[in-house]
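Only one structure is covered here, and it is reproduced in the block below.
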C-alpha cells in the first residue's frame, strides 16, 4: 500500500477507535453511567458467553433457522417468480394480491403465527419465509422478463417443453438477476429470524438479546447485539464465497 | 399438394408498428418443394425475415394460408428448425459445445443414442475437436456452426436460416457455404435460406426468389440450373451462373428503383 | 389484454380468496376465522375507540420519527457528503453500524432509556435515520463537481446555491431514503410497542394474541396492511411528483 492509502486506512479507523475510547472514558468518569457498560465490560461478557457455549448455540440456531427459511424461499420463490415472468395471465391475476401482501411487516405477522403454531420454530420459519420471499419472487420475475426474446425463440424452434425451457434455458439466463434477489432474501432471513426470536420463538440470538435485557444484564445485551451484527456480516460473506465456488458454469454467463 | 413442404396461398402479414399496423408482406404465393434449397433475397425492409418467421411458426399470417405438410400451424411445426443470424444470443453460454448440441434432444433420447446423435451432428459441421469448449471461446464461424449442429441434432426435415453467414468474413462464409451444401446432400433436408448476398443465393440455391417492395411481394423467381456438385471457383465462372447473377442483379436494382 | 379486464382480473384473486374463506370458514376457528368475523371485531374496536387510539399512537410515532430522521439524516448526509475526506473516513464505520439490524436496537435502547414515552420516538428515529443519511450522503458525493463550480463561477448567493443546485440534486435521494425508512419505521414502532408494551397497534396485536382472539388479530393485521398500502401509495405519489418537477436527475 502506498503512504496515502495508509493514511486513508488510518483515518478510517480513527472514528471507531475514538468513539470506543470516548465511550470507555465517559462511563468510567461517571462512575458507571448507571446502565451503560464500558466496551471492555461488553468484551468480557462476549467472551464469557462464548466460552460457556451459549452464544455459539444461539448463533447456530439463528443461522440454521435463517438457512432453512432461505431454502424454502428459494424452492418456492424462484419458480413462482419465473412463472410470473413467463405467464402474463398469471402475473395479472396475482399482481394485486402480491402488492397487498408484500408490505405486511414481519413483526405484525408474528402474533398471528404464534396463534397458529405457538411459540415454536414453526412460527419463526413461517414468518421469516413470508417476509423474505418477496425479493426473490420479484427478481426472478425481472430476470425472466429481462431475457432476450431470442432465447425463447430458440426454445420454441428446438421444440423444448415449457418445463425444459424454464429449467434449462430461462433460469440459467436469468441467473445473475435471480442471484441479486437471493442475496437480499438471505439478509432478510437473518434479520427476520432474529426479530421472530425476540417475540415469537424463545430460542436463538434474538431470544438471548431480549432475555439479557429483561434480566437487566447490560453487558450481555450489548454482547448479543454485537454477535448479531457479526453473524450478519459473516453469513453474507460466506454466501458470496459459496456462490462463486459452487456455480462456475454460470460464471461463464454472468 | 403432397410434394410441397410449405404451401403459401395469398398470404399477408401485418405487424404492429409505431404508427398503427403496417402490412409487411402481401399476396405471397409460394410452394417450397421437398429437399429443395430455396434462397430468398431482397433489399432491407422487404419482409424476408418476416416470411421466414411465418414459416418458422413465430408469426401467423394475418390473411391467406400457410400450410406445412398440408396442415396449418400456429407454433414451430414438428420437423422445422430455425437457425438465427445472431448466434451470440441464440447459444447458451453456460453450456459446452456438446451440451448446446444436446439441448433439443436431451429430453427425448438419452445414453448412447444421445451421444451418437451429438457426435453425428458435430461431425457434420466439423466441431468434434471443440466439443468441450464453451461458446465464448469459439470464433464467429464456429459459433454459427454450433447453432447449425444443434439444429441438425434434431434431424429436421426443414432448416430455416436467416442470413446465417451474414456476420462472418468471406473465407469462413465460403467454407460454410460448401459445408452446408454437403449437409443438405447427406441429410436430405429442405432448406430455406435468407441472404442479401446475390452471389451466395445463386451459389447455394436450386431456386432463388426475389422479394421487393413495401409491402413485400414476390417480384421474381430464378432457377439458375447449376450442377449438383459446385465449388467456389469453377461454378462461379460458368455461364449459367453469370447469367443468373446478371438477371438477378438487374431485377434487384430495377425493383429498388 | 387491455386495461379494464386486467384490473378486474387482478382484483379477482384476493376477492375470490376472501369469498371462499367466508363460505368455507368456521366461525369458531381459533386460527382461521372467516373475514366477516374480522369486520365484526374491527367494528367493536372502533366502537370502543381503542382501534383509533392505537392507530393514532403508532402513526404519531412513525410520523414524528420520520420527520426527525428526515431532517437529521438530510443535514448530516449533506454535511458529511460535501467533504470527501470526511465521508471517506466515516464510510467503514457506517458500513458496520448499518449492518446491525434496527429492530435489534430496541432491547438495548430499552435498557438505556427505559420504557417511557421517549423510547418510541428515539429508537424509531434512529432506525429511520440510516437509510436517509446514507442515501443523502451518496447523492451529495455524486453531485458533479462541475455543477458546484458553475455555482461558484456564476457567483450566486449561498441561498441560491442551496435551492438551485443542492436541493434538486439531493431531493430524489431523500425520497428514496424515505421509501426505505418509513416501512422500517413502522416495523420498529410496532416492535417497540410489543416489547415495551407502549400504546399502539403492536400492543393490541400482542394482547389479542394472548387472549386467543383470532378475529381481532386478523382485523389488526388488516389495519396494518391498509396503513402500509396507504403509506406506500403516498410515498410513490411523492416520488412521482418530485420526478415530474425535477426530471432527469440521476438517482
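Note that the chains take the letters A, B and C in the order they are written out, and that residue 1 is the start of every chain.
We adopt the following convention: a residue touches a chain if its C-beta (ideal position, glycine included) is under 8 Å from a C-beta of that chain, and two chains touch if they have at least 3 such contacts.
Everything numeric in this text was worked out from a predicted model, so none of it was measured.
A.B. asks: Using mean Cα positions, find the chain sitting nearest the overall protein centre.
C.D. replies: Smallest offset from the overall C-alpha mean is found for A.
A.B. asks: Most C-beta contact pairs, which chains?
C.D. replies: A-C
A.B. asks: Name the chain whose C-alpha centroid is most distant from the C-alpha centroid of subunit C.
C.D. replies: Following the centroid criterion, the farthest chain would be B.
A.B. asks: Any idea how many Å lie between the Cα centroids of subunit A and subunit C?
C.D. replies: 19
A.B. asks: List the centre-to-centre spacing of subunit A and subunit B in whole Å, with centres computed as mean CA coordinates.
C.D. replies: Their C-alpha centroids are separated by 50 Å.
A.B. asks: Measuring centre to centre with CA averages, how many angstrom lie between subunit B and subunit C?
C.D. replies: From the centre of subunit B to the centre of subunit C is 57 Å.
A.B. asks: Hey, which residues of subunit A end up touching subunit C in the complex?
C.D. replies: 8, 11-12, 14-16, 19, 35-36, 88-89, 92-97, 99-100, 103-112, 114-116, 190-191, 194-195, 198-199, 206, 209-210, 212-213, 216, 218, 221-222, 225, 228-229, 232-233
A.B. asks: With touch defined as at the start, can you tell me which subunit A residues reach subunit B in the complex?
C.D. replies: For subunit A paired with subunit B, touching residues are 148, 150-151, 153-154, 156-161, 164, 168-169, 172-173, 249-250, 252-253.
A.B. asks: Quick one: in the complex, what on subunit B touches subunit A?
C.D. replies: The touching residues are 56-58, 75-76, 78, 80-82, 84, 86, 89-90, 92-95, 103-104, 107, 134, 136, 150-151, 154.
A.B. asks: For subunit C, which residues count as touching subunit A in their complex?
C.D. replies: Of all residues in subunit C, those touching subunit A are 1, 6, 9-14, 17, 30-31, 85, 88-93, 96, 99-101, 103-108, 110-112, 183, 186-187, 190-191, 194-195, 201-202, 205-206, 208-209, 212, 214, 217-218, 220-221, 224-225, 228-229, 231-232.
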